[in-house]
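The next part holds the structures, each set out as structure tokens.
Next, two complexes with chain A in common: one pairs it with chain B, the other with chain C.
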Partner chain A sequence: MASAPVQRSLERPKRKNPVLRTRLPTLPPAARSRVALGLTAAAALGRFELQQCRECGMVQYPPREACQSCLSVNLIWKVQKPEGELLAQTVLHHSNDLFFRERLPWRLGLVKLDCGPTVVAHLHEAVEERVRVRAMLDRAGQAVIAALPLKESSDMADDRQLREFTCDPRQRKVLITDGKTSLGQALVKALAKAGADIIWVGHSEPWKKFPGFDELQKIPQVTLLPLDVTDSKNVREAAAEIAGKVDILVNNAEYHRSFGIGNRQGVETARAEMDVNYFGFLRLAQEFGPAMRARGADGKASAVAWVNLLSIYAHANFPPHGTFSASKAAAHSLAQCLRAEMRPAGVRVVNVFPGPIDDEWNQLLPPPKLAPDTLARSILSALREGVEDVYPGDVAQEWLARWRDNPKALERELSA
Partner chain B sequence: MNALAAFAEEFVQGKIRVVDLTQTLSPEFPNISLPPEMGQAWPFRIEEVSRYDERGPAWYWNNFSCGEHTGTHFDAPVHWISGKDLPNNATDSIPPERFIGPAFVLDCSREAARDADFLLTKDYILDWEKQHGRISQKSWVLMRTDWSKRTDPVEYQNYDEEGQHTPGPDVDAVKFLVAERDILGFGTESIGTDAGQAYHLRPPYPCHYYMHGAGRYGLQCLTNLDQLPPTGAVVVAAPLKIRNGSGSPLRVLALIHG
Partner chain C sequence: MVLAAPVTVPYVRYSIRAAHWWLARAFSALLKSSNLQKGEIDGLTVSSFTLAPDTAIGLTQHLGLSPRWLDHIPLGGASGVVALRRAARAVQAGDADIVACIAGDTNHVDSFRLTLANFSQFARDAVYPYGAGGPNASFAFLTAYYMQKHGAKREDFGKLCVAQRANALRFESSLFKKPLSLEEYLAARPIAEPLHLFDCVMPCAGGEAFLVLSEERARRLKLPYARLLGTIERHNAFASDPVQMRAGWALDRDDLYRQAGVGPEDMDFVQTYDDYPVISLMQLEDLGFCKKGEGPAFVRKHGFTWDGSFPLNTSGGQLSVGQAGAAGGFLGMVEAIRQLTGQANGRQVEKAKLGLVSGFGMINYDRGLGSGAAILGTSKA
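Right, the complex of A and B next:
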């Protein structure tokens, strides 16, 4: 087997040549059977699951309707050990597929997984004989298998092929819609450290100077941007100015009050939650979405991701924060619409479903609560790992497991 | 010729000028902010319904939303708890003749420039009267501070860690204007007829407490007060006829001679 060439650190792309036409986005082959979507469903969560037969224990790939060994239809998707041996590799120099044509040469290999099957995988440049595999979403939003070096290295994410699957913020331009919250500030710092080129940081009601403002201004990549997602005119004008440059949009603007139905008169608080959490998102999507869709294939630092800060309560209502939960459920539904509309451009919509964040609106909730720094790191990892549904922290993971197991039981547990 | 006919004639001849004391309603104009756990007034927001397009081919129009206390606005007595049980205390029930009155403009712009927390006192008013004459009953008293010239919202709101710093009247000044001058209402250029730090006065927000408690009105976020003479202007300030409304954005006009 030929030894892999050593990966050089990511070169800074040249500035865009304004004389040339911006390429239109193309997608890798997207068709999958319903069964094969099992791989996608797991990859969306960052999990490597393969079909396993409940009768004979056989692990199989590609997904099928029945066990290829004993023909049983009693198959389940199970997390598998993501390691194996690279049997063969090749470099494609020709492809009839439009997506790959534009990205040649392309490295592929055969990996014999420790759990049994042999799979075709996209190869990282630095792979050796033993490899780690990951199911990742490609630009079409479908799961593919990538083979990575066993050992993590600092510049691993810079691999040219890997960057086609990930939304790594390095050398990309980011908008964070609310820099006033502790999460917003943690995100700015995490993304600056991850090598983002420019970070626009939105802040509403500029007369209310917020803690951390001066510190944010000192970060060289940061440009503060007056942005109030409840003001259509403001969102439109901000988009007119920068939407054509935003590669990653992180919508963390959130209005959170802790009321159910009976302990708050009137609809004003609920309306304010909807206005920020749902309509604010819609305004951003209408104004920034088209520009990002147009730049899905704009060179090495193209538009790649839209991140929504949702909540685990988007899945099941937490009655003490009942109207907030409802607004997040609405936003979740809208995010599915945005995902469908962004997919043709290869721009990934990442939904983040945290449990209670350790901030002033969850003051009275007992720990464990998610530290803003931890949440920011989870979002960064999701961008780097090609995940589209993020359940950061133990609380969110546990609720996800309960919700998948029995939504009705979770509804009862949350309302107890 | 009766007085109204004489007015009309002079008006048509351009001898009476109209000064617009109103700020433009826009999403950028700062709105009143309460502590975040409290209910909030909507800022002014505007959404396009159609603009000669597929949503309406030959017409342009918008929907707008705002609180009763947004932009240049009128405060009715029912706005404050002290005025809640008075008769005719809401925007729809205030007798319409109360929407027009002579204006007395007290220029506090130099004091406000020196001290953002400047409080207008009874002595200040008495001194002013020595120079310009006694404030008459059923009149608007307008406190000119040039605050409206602070076009940067940050400077206009003027917040620090202890809250807002904007000028307003002190307790005795308000009581004096109500009890001894029997005025129609009090108007300012900043957000609120009370000073930014008036929560710490006794009682808190005295202009709201006493003016509304006595069935008087408030005007705030006024502009162009520097174009008015100290006396002699007539102000027209009619709020929207909202049923049981506590106030309303409105167009405030001043008529001046010459």
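Right, the complex of A and C next:
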């Protein structure tokens, strides 16, 4: 069977002609039944889960309201072995949907999973008979299954179709809002290594050098940008300069102090936390959001992602860092709003929920603590794999498991 | 039980009318061809994709009918066989004397896309978001797998399409009026590889209908008729096959031939459900005309025009007449009645006594779920 020409490593996209019309974003079909959103819930976390019957163990797909084998309604979503055999493939040259019509030809495969069901999947161009599958969020924010080569290769993410689902930073322009923190610097290095085209790095006090400043300046893609997220005028000016070019925005600006209510006088510290963690995010979203929304389908390097550094404490208050937790809960809520507003453009809002980062503000917390490098790598792989909720490290994973299992129990445990 | 009054409402590519218009045309054509009054038809089955939000019962008020027996049969390509089965049982049980089985769909410029997007829960959740190729994509998989497993070539599928076009040129209601050569078939643009343009049916608007009644009643009314000799139906067969290479016929065909007291070799013609040629091959295998996997060899051995060694889809099938939604599931049934009552002008299979009609419908997810078949004979069979 003839197939689409194999496209190797992604070339640097040509400079945009500002006079030409920017293509408006379209989305793949987004309608799903409620039960099918189980796949989306797992894909948002980067997991491949299928519906499984608790009574007889049957694994089934597409999702159903009852077990097709024993009719039990006692069904759960469970992680499955993401491998199977490619039975047949096709290349679409015609589609009834605008999103795909603009992206033809389009490859699809029929895959018999080792765990049982046969699935229709988007097909990577380098697949062989055995494939690995992944549930990924598409541009509409809904989960789809993609069949990938069994073995990872360095240019795998350059696949034209895969790039429609992922937010791979390669050849994309990135803004990191705070270069002063150890996480900010780890992010700059990770994204530069991943092939980002331009990295704007915000720093809120441009009149003085922070530790690591010189090292950042040596990275060829880096441009330092005065940016103070607590200053509306400054955020507006920065946006006027670069918002129309930013493909990925990583908001890692954070204000973090310990203590809850009783150990502190007045609201100044809490207000400062809110001013960076919540209002800072809101300012950025108001100034950068609309421009990114307009560029959701702007060629090979379109606007694709907005990353928020939240905290695992956004889900359940950690009293020793009580007001910080509250500011992150506020930011999380706002991120859900931004997600809804960015969705029509296919720009993904990635929320990162780390446990304590190994920095000065978490000095008194016992290990394990998250190394900034590790966190930066988690964010990078979330962008590459089409994940939208990231829980990096053991502490975050444990909190997530406890919170999903019983939020009330977690509240009691944290108040002990 | 017998079938009479085969009618086709001539197809058009696009229609600004609603499904009700096409069903009304089909019903009124039935009356005209049978000389019956509206009130004399006391049973009704309705098949349509585009009738929503109405169903069969809404249609009774729309058309001013008052049947004492009614069934809505939304089974797509299996509708014809299933409608016949339901109607025959109703007449046999005395629930109705004369049942009109009607099918019809409209086709607006955008209605096919909307039908696809909302075809089924599984399609919406697990197929449409994957390129929105509709049934083309699903059948591309089946065709690719079949070619790989059984060594079928594009020329084999092409032979069926070319023969059916020759048949369609002799059917006045067909949408396709130009001959098709194998070279043109092979040179057509790809749609969903390995499917190319002439492997895919063209969605259109149209209607089909027939009557089911007792033989004695048909005689009294002096209606030419075909007799129902045997029939089977099965849904979601072989559910654990990883890819569909067979359907319910393979389970039930012995029963079918036993009921009719004949074998596949006795058939004078066959009408398969042919939304894609690979499905015709699957039916010929499952219904015992050749062994599983021998479809390609069978195709190479025979001629499939109305005057060939194996007359198949003698009115052109959906591939050359057009696919008028659920009416596509009636096309072969209506043509079989014409053949067995000597009304297949210009494409009459000589001395046709027995014919087999097969139905296949509803690509719910990765495969067609419904299958059925009927063996019909002349009044003397």
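Here, the second predicted complex is superposed on the first by the 407 of 416 C-alpha atoms of A that agree within 3 Å, B and C clash if a C-alpha of one lies under 4 Å from a C-alpha of the other, contacts with A are read in each partner's own complex, and residues count from 1 in each chain.
Criterion: contacts are C-beta pairs under 8 Å (C-beta built on N, C-alpha and C of every residue); 3 or more make two chains touch, one makes a residue touch a chain.
Since the structure is predicted, the reported quantities are computational estimates derived from the model, not experimental observations.
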Chain B versus chain C as contact partner of A:63, first or second or both or neither: second
Partner chain(s) touched by A:76 [first = chain B, second = chain C, both, neither]: neither
First, second, both or neither for A:231, with chain B first and chain C second: first
Touching partner for A:93 - first (chain B), second (chain C), both, neither: second
Chain B versus chain C as contact partner of A:272, first or second or both or neither: first
Chain B versus chain C as contact partner of A:340, first or second or both or neither: neither
Partner chain in contact with A:240 - chain B first, chain C second, else both or neither: neither
Touched chain A residues, chain B compared with chain C: C
Shared contact residues on chain A - chain B and chain C: none
Of chain C, residues touching chain A in the complex: 112-113, 116-117, 121-122, 124-134, 136-137, 140-142, 144-145, 148, 189-195, 239, 242-243, 365-366
Chain C-touching residues of chain A, taken from the complex the two chains share: 1-3, 28-33, 36, 61-63, 68, 87-97, 99-100, 106, 108, 110, 112, 118-122, 138, 140, 142, 144
In the complex, chain A residues that touch chain B: 205-209, 228, 230-234, 257, 266, 268-269, 272
Touch list for chain B against partner chain A, complex: 27-28, 30, 33, 37, 39-40, 43, 45-48, 153-154, 156-159
